[in-house]
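The following block contains the structure, expressed as structure tokens.
For clarity, chains are labelled A, B, C, D and E in written order, and residue numbers in each chain start from 1.
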Amino acid sequence: MEIMIDLLLNIGSGILLILGGFFCVSGGVGLLRFPDFYTRMHAAGVTDTLGAGLILVGLMLQSTHLIVLLKLILVLLFALLTGPAASHALAKAAMHGNLKPLLYRDKSTR
Amino acid sequence: MLTHLPILQVIVPLMAAPICLMLRPVRLVWLFALIASAMVFLISVALLQQVVQSGTIIYEIGGWSAPWGIEYRIDLLNAYLLLIISAISTVILLSTHTSIQSELAAERHTFFYVAYLLCLAGLLGIAATGDLFNVFVFLEISALSSYALIALGNNRRALWASYQYLIMGTIGATFILIGIGLMYVMTGTLNMYDLSQRLPEVSDSRTVFTAFAFFIVGVCLKLALFPLHMWLPNAYAYAPSAVTALLAATATKVAVYILIRFIFSVFGVEFSFSHFPLQDIFLVLSLAGILIASTTAIFQQNVKRILAYSSVAQVGYMILGFSIGNPAGLMATLLHLFNHALMKGALFLAVGAVMYRVGGVQLSDFAGLGKRMPWTMAAIVIGGLSLIGVPLTVGFVSKWYLVAAVLERGWWPVAVFILVGSLLAVIYIWRIVEAAYFQLPAPGNAEVREAPLSLLIPTWMLVVANIYFGLDTRLTVGISESIAKMLFGVEP
Amino acid sequence: MLFTALAIARVKDLFAAVMLMGIYSLLTASLFVVMHAVDVAFTEAVVGAGISTLLMLKALALTGPHQNNSSYRSMLALVVVLISGALLIYGTWDIPPFASASAPIHQHVAPHYIQNSMQETGVRNVVTAILASYRGFDTFGELVVVFTASVGVMGLLAVTHPHDKYHDGDAAAMQQHLILRIVVKMLIPLILIFALYVQFHGDYGPGGGFQAGVIFASAIILYSMVFGSHAAQQVVNRTVIQILAALGVLIYGSVGIVSLLMGRNFLDYSALLPDPVDGQHLGILLVELGVGITVAAAMIIIFFSFSDRVVSEEVSPE
Amino acid sequence: MILGTYNYWVVIALMMIGLFVVIAHGNLLKKVIGLSILQTSVFILYISMSYISGGTAPILEHGVELYSNPLPHVLILTAIVVGIATTALALALVIRIKETYGTIEEQEIQARDLHEC
Amino acid sequence: MLIGVAAAILIVMMLALIRAFIGPTLYDRILAVNMFGTKTVLLIAVLGFLTARPDFLDIALAYALINFISIIGVLRFFEYNRPNFTDGNHD
């Protein structure tokens, strides 16, 4: 039974880790390839929340000590709190600084 | 309590500094700092006595024995240096209460004393410790506090000077750190004594060579050895006078000490002079330093700058002394450490008195002061004579031994260079004297009075010391002779 | 990492350089983790990427981001750099091989710490044991360096005009950042708890007084950035911090003096309690506390001194 | 990551870059940045020395025998602190210089000083 | 598994680094720096598991915190200094 649980946990964490890794990479590619700041921000946001979240949950499944689990939860909490807040502030600052989002019809001008 | 003297030496000013920050009013802070410094002085006298009587004192901090913990290893050289630093600092502190009134904004006075004590503690720490990395840490304490002290001056150029000093000083410190790291990599120890035991095994490796080179360059940056002296004239010229006096009289001495300690104790005479072209390099640099700095001093208009360049030249004499490579030369260096501290301390304090009364230290500000401030000017004259090396002053003693050491080696040309350096000193001192005694007072100077006693007494204490130690050379010569013998391996 | 450094050297915009400096510092810290220097990585992260970036930004805000002539003493610089570089290359030619356990550095002093620190000090983290006990005096010196810096900064940037004259532009601008304010409000207690955890967990894991102090200070700094430095200074009074900064140094020093009075050497914590190992443990704890207090206070002082300048600059027409 | 015998080469390169920035650049703030690159390079030098392959972080665990050398870690902790202290002081100086001179370019400052003489 | 994730994170860090170098606007740089920071947090966490020393999580936590604070610091910096300089694209 315990072996089963272990196996399940391992598989689960593996899947989560891989997914998280994938989101991270895709976000990174997006950060590089997307045409303007706001879309890039979206890509970064994805890695920050989804990628980080998945990886951290994946790690949680592997953790053996309670304290480690606790810390991981704390890190996750932190990531979830600060990531969007930072993105929000950044977007606001960008708008404030008169950086116009690149809308669909503007594409020709770039 | 007597066994704890080595550590108390450093701890007293170190602990006094934060307490000072909490004290009000400024007068109390000053008194407190003065008491701390005086205590340090007494401790250092006691230490010197102990060392003379019973040999090297070892103090293990934290109770951990040597290569694992940090130890203080006080031998005659350390004790001698501690005495110089604490004595000069106490005398200068006597005068600061008056002198900083005119040179610092009132709300900065407390910070001044705190930084002063920290600087003192840092210098003492370097002089006392037997651990490499501890040297670095205390070097930084003294360096950071002296940057702050310099920048506290009212003149905006003080800021720029301090910034330059900071950049150069930090590069120097980083080089020292690299040197320490490479030594550590080769030997696995940070304790100086342990290091000196283990270095000979690996002394052929290039890493040790590099470590040595970096360390020396780093220290020379701090020392303001020509041509790495660029930061010094500005820093000395625009810092508050008390700070200039402290730095000129003690900080460069400590750097010279580190150099001596490393070249003679840690690496050993043999390595320093045979594996490394140190002798030639130092000889050339110090001679060039003496001549060029003295010549530059002649063309300065600001008296503090004149004296600052003269300091660069004097550092040249000290380096020259031990690069001769015989005990007599090292002895001359050690004598000059002490003597130069006395004369530069006296000179800068006297200049500080002029600053206090006149408000400027350009040569034109000195015009006619011989009559207005007779005691201050007399102090400058005697200090100047000492700087030149006229008999009956301390300057003569150290020059005498230096020339003797050079002649012992049979290096006639070097002796000639030393004499030329003294002649140049005559010229730049003469310019000050001429302004003070043979020019009519500037219109603004007509009303200038003699400096207050609180400035004159410390100045004259040093001036009298200048003459006393010029006449009675038993103490200084005796000590430096035994140090020189010790370092040259007559005894380990 | 090299690229980052190169980019920093080349970028003309100082702001970009500061940002890259942050990245560079993070990279360094990761490198330290890879090389097993966790405590150092911790410190480098909080100091290099955190405090020093913030301070540089503050300085930048005061001095303007543009740089005129990029380099004018290139030749001299190049010569100096090449000489010292060549010397180092020469020096590392026969340096003991990297990462091998048999190099002299790993033979002489270091094994003693690893083998004996547990029995002698009762602390699992060897770095903490050395830091606070074996080489406690270095750490004392380091603390004094921080204290010196804060005194120097205070001395240099002491604001002469009274505080309440200026209107707090920070707070006004941040009024609109509702989300940020709420998030920060939630975060600050968390950060403070974390700081305490780091402070007292240094015996067992990476961390200790220094890191805790910086984290604590960063909580206050965060508060002041979001709610305005005026509000922050009402929470933490200036004179109080000044006294705290001095107090930390005094705590450290008096631990040493107490052990001195108990008849042992300075900073010999074994004297503090009947059982030497307990004494060591207690001593390390107290000393780390002193470090934490001074570092936190000093960082806050430095930051406030900087940000007060920003505000006073805005008010006084330049 | 960057682990191998060429670790020291990275240190040397970083040191050279840092030193170059400090000496060659006229902007005072940039000099401070250069200074911290220089210092960081030394940190890496020390930490590289302490590394032992196959070892682990010097926090004692049961059953682990090989640890990296903790002493350089301690030294560098101290050095980092010294570094930040220096940086803070340098920045304070830069701010004051900007306030009194109105510029932070080395050449301009020197020009202004000369002008004053 | 963990190695793969670590590699992925490293790649992302590289990408972010490139973005930070090329800009073009300052906001892009900040964004990249922010992302770089969060990825470092993840990397440290993963590395902790990789070397079986999960104590490293403390560091990850500290990184997350520092990262957030510096981003806020940067943003505060901007709101004031926007009028003073117009474009960050000087490379």
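Criterion: a contact is a pair of C-beta atoms (placed from the backbone, for glycine too) under 8 Å apart; a residue touches a chain by one contact, two chains touch by 3 or more.
Here the structure is a predicted model, which is why all the values come from computation and not from measurement.
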item: Topological distance between chain B and chain C, in contact steps; value: 1
item: If a chain touches chain C and chain D alike, it appears here; value: B, E
item: Per Cα centroids, the chain farthest from chain D; value: A
item: Comparison of D-E and C-E (more C-beta pairs in contact); value: C-E
item: Most distant chain from chain E by Cα centroid; value: B
item: Centroid spacing, where centroids are CA-atom means, of chain B and chain D in whole angstrom; value: 28
item: Approximate Å spacing (C-alpha centroids) for the pair chain A, chain B; value: 58
item: Rounded Å distance between chain A and chain E, as computed from the means of their C-alpha atoms; value: 12
item: Shared interface positions of chain A, touching two or more other chains; value: 74, 78, 82, 85, 89
item: Sites on chain E at which at least two other chains make contact; value: 30, 53, 55-56, 58, 61, 65, 67-68, 72, 79
item: Overlap residues in chain D, where contacts from two or more other chains coincide; value: 1, 15, 19, 28, 49, 56-57, 59, 71-72, 75, 78, 82, 85-86, 89, 93-94, 96
item: Touch relationships between chains, expressed as pairs; value: A-C, A-E, B-C, B-D, C-D, C-E, D-E
item: Interface residues, chain C side, partner chain A - complex; value: 177, 179-180, 183-184, 186-187, 190, 194
item: Complex contact set, residues of chain D against chain E; value: 1, 56-57, 59
item: Residue numbers on chain C that touch chain B, as the complex places them; value: 84, 87-88, 90-96, 103-110, 112-113, 133-138, 140-142, 144-145, 147-149, 151-152, 154-156, 158, 160, 242-243, 245-247, 249-250, 253-254, 256-257, 260, 264-270
item: Chain D-facing residues of chain E, complex; value: 10, 51, 53, 55-56
item: Touching residues on chain D, where the partner in the complex is chain B; value: 15, 19, 22, 28, 31, 35, 38-39, 42, 45-46, 49, 71-72, 75, 78-79, 82, 85-86, 89-90, 93-94, 96-97, 100-101, 109, 113
